[in-house]
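Paired with chain B in one complex and with chain C in the other, chain A is shared by the two complexes that follow.
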Partner chain A sequence: MSDLGTALAFYPLAALMLVTGLYVFITSSMARAGLLLLAALGVEGLIFLALASEFLGFLQLLMMSGEMVIMVFFMVMFMSDPGGLMGMDMTHEKRRSAGVAIALAAGLALVAVLTDWPARVAGDDAPDVRAIGFEVMGRSMVSFLFAAMTILFAMVGGVMLAKQGGRFGIAAPAGEERGEGD
Partner chain B sequence: MVSLEVVLGVAAALFGIGLYGVLGQTNAIMVIMGVELMLGAAMLNVIGFLRYAWPDGSSGGFFVLVLMTLMAVEAAVGFALVISVFRHRRTAEVDDLTDLSG
Partner chain C sequence: MSAVTPFAVLALAVAGAYALALLEPLVAGARPHPVAPVRSALAVVRQPLRRPGTYDGWLFHLAPGLLLLAGVMALATVPWAPGFRGIDFQAGVILFAGALAYVTPAVFMAGWGAGRPLAVVGGFRWLALMLAYAMPIAMVTTAVAAPAGSLRPSDIVEVQHAVPMVLAQPLAAALWLPAVMAVCFLAPFDLPQAPSELGGGTFAEYRGLDAALVGLAQRVLLLAVSGMTATLFLSGWHGPLLPPAVWMGLKTLAVAALILWLGRRIPRVEIDRALSLAWKVANPLAIVAIVIAGLLTLFFYR
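== the complex of A and B ==
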């Protein structure tokens, strides 16, 4: 993609990503918030595509679509007002949170602008699937296996945490004490 | 035209939005969503560096893969914790979980 094409794709997509990301925390409907988060991260995948990272862009679209749809289910289950029809406010410290967030974002942007980054000619086709494959199967293999093990441990730990009674089995009914034989 | 500074600036804004969600929301699921946005900003940073600062390297792509793994793990463990807390307290509001506060 040419520089002009990249710019034409990047700026509208970046604006859309930021607006949908912000509306995640503004909308009162939790189902809408989940779908807006899906939109924000999906648009981020499109930005990856615009920046010539095709493999990672499609991977992002694939992973986020699955993850965010699951997240919508959790939100509808755990929100006291999933539809947003009761006008409940589920925020606290709004002004201070916004102040801290704006200050930090401005600081990071300032660092990005003021730092003297190495000037390199932008590649047109960086990085392709082949290069990532060699990286994963080459010197980063141990790290990649570690990531795979982390996912496995997270799955097992998640199930153990979430199952009825947690790690210690099903708790005794309120007011009763369990003996040694239980 | 797009440059590294522009990509990093957009990522900083996305990080700020995520931080606003983490600090300003009372529901644990919404806090997890804020963390997801912050990790998304980190990924955008890596993609920016990969495109404009180190176009012929492939390690950056690997970092994005690790970050995606981190997002999935964070969501899975976060949901499990929320389910566990909800079983005991019948709420997912972080303001109600004050057992460890001084």
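== the complex of A and C ==
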């Protein structure tokens, strides 16, 4: 793609990603928040494609769909107001968190602007690309696997804690009938 | 990929959906009528739209579009002939799996947006089912791509010039077929709509253009997964005498007919059983399939 084409795809997509990302925090419906986050991250995948990073873009589109759908599943399951219909406010410590967020965004923007990015485009067989591949599939794999197992245990543990007594609820004490109103 | 490609893929999607609409009565043992699909589609489109009066009603109208987009994107990655390949990306198989992954949020959005209890139940069933069946699809894709040493669908076709992958890796094929049948939410995996159980479930509220789009999207999905099954397992366009595109079309229609026929023969799988089959049988076997693919690649394909 030409430079102009890349720019024409990049900036509208980036703006769309920011807007959808912002609405994730504005909406109070868990289903909406999860689907908006999926939209934001899916648009990020399209940005990868616009920057000619085909494999990363497809992988981003594939992985984010699954992950955000899992998130919707869990948020609706665990939150007390999943539909956002009861006007429950789910934000806390607004002023301090806004301060931290603005400072962090400013810092990241400064890093992005001040870094001396390399101008050349690395080919598939460049030595640094190979080195990243060996790093990711070698030593770092242990920490990735550890993180993956931790997340899996957290998910299974969360479900175990949430569903007391199994699928049909807690058994009634002996000699008592369970019914409406108790 | 040229400027004509998107139009060619769209035309293929519509023509394929029409062909599948003719195939459905044929599989059921009735005589297909060439005008009947058009007539029933027009009848559906003429109905007035139904707008759910719920908070998330916009998701309800967005879902059929996303469903159709996912189907068309998946269809675009299928290589039909050495010349016409749609979008022949280097990582085309990943794009195929990625496009199918958007069927999951689309059907969930349909159920959640409708805001009726049975529709929401259908949507959540679907999420659970798809989370279980997404992994076998990705792992089987890897197993089939390994002998070719490439994620490009046309390279995977070329590596099967002697032995179709269904003979080389029968386990992978056996895991692939039910998983892609589930993605198309066709019987016996029609759990989100489950006519006799949830009364239409996720799609019960759809009328008019929305309903027509859902029907079209389901057939485009069936066409895409049949085409990809022919590509990955039945050696794609390879075949004697006939031109490549004809072989590919015949194989695709054969797979679609097999899927529709199985759907008529097998009763709907219960959701609990479908999930435990997926997690306890299909996922571990998919890992075995990857190991087999690795051994095959090491010993026979190099």
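In the analysis below, the second predicted complex is superposed on the first by the 120 of 182 C-alpha atoms of A that agree within 3 Å, B and C clash if a C-alpha of one lies under 4 Å from a C-alpha of the other, contacts with A are read in each partner's own complex, and residues count from 1 in each chain.
Heads up, the rule we're going with is that a residue touches a chain if its C-beta (ideal position, glycine included) is under 8 Å from a C-beta of that chain, and two chains touch if they have at least 3 such contacts.
All values reported here derive from a predicted model rather than from experimental measurement.
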item: Partner chain in contact with A:65 - chain B first, chain C second, else both or neither; value: second
item: First (chain B), second (chain C), both or neither touched by A:78; value: first
item: Which superposed partner A:101 touches (first chain B, second chain C, both, neither); value: first
item: Which of chain B and chain C A:54 touches, first, second, both or neither; value: second
item: Which superposed partner A:142 touches (first chain B, second chain C, both, neither); value: neither
item: Chain B versus chain C, judged by how many residues of chain A each one touches; value: B
item: Touching partner for A:33 - first (chain B), second (chain C), both, neither; value: first
item: Touching partner for A:91 - first (chain B), second (chain C), both, neither; value: first
item: Shared contact residues on chain A - chain B and chain C; value: 55, 59, 70
item: Parts of chain A lying in touch with chain B, wherever the complex brings them together; value: 3-4, 6-7, 10-11, 14, 17-18, 21-22, 24-25, 30, 33-34, 37, 40-41, 44, 47-48, 51-53, 55-56, 59-60, 63, 67, 70-71, 74-75, 78-79, 90-94, 96-98, 100-102, 104-106, 108-109, 112-113, 117-118, 120-123, 126-127, 131-132, 134-136, 140, 143-144, 147, 150-151, 154-155, 157-162, 164, 166
item: In the complex, chain B residues that touch chain A; value: 1-2, 4-21, 23-30, 32-34, 36-37, 40, 43-44, 47-48, 50-62, 64-66, 68-69, 71-73, 75-77, 79-84, 86-87, 92-93, 95
item: Chain A-touching residues of chain C, taken from the complex the two chains share; value: 55-56, 59, 89-91, 94-95, 97-99, 101-102, 104-105, 108-109, 112, 124, 127-128, 130-131, 134, 138, 151
item: Partner chain C, residues of chain A touching it in the complex; value: 29, 31-32, 35, 38, 54-55, 58-59, 61-62, 65-66, 68-70, 72-73, 76, 83-85
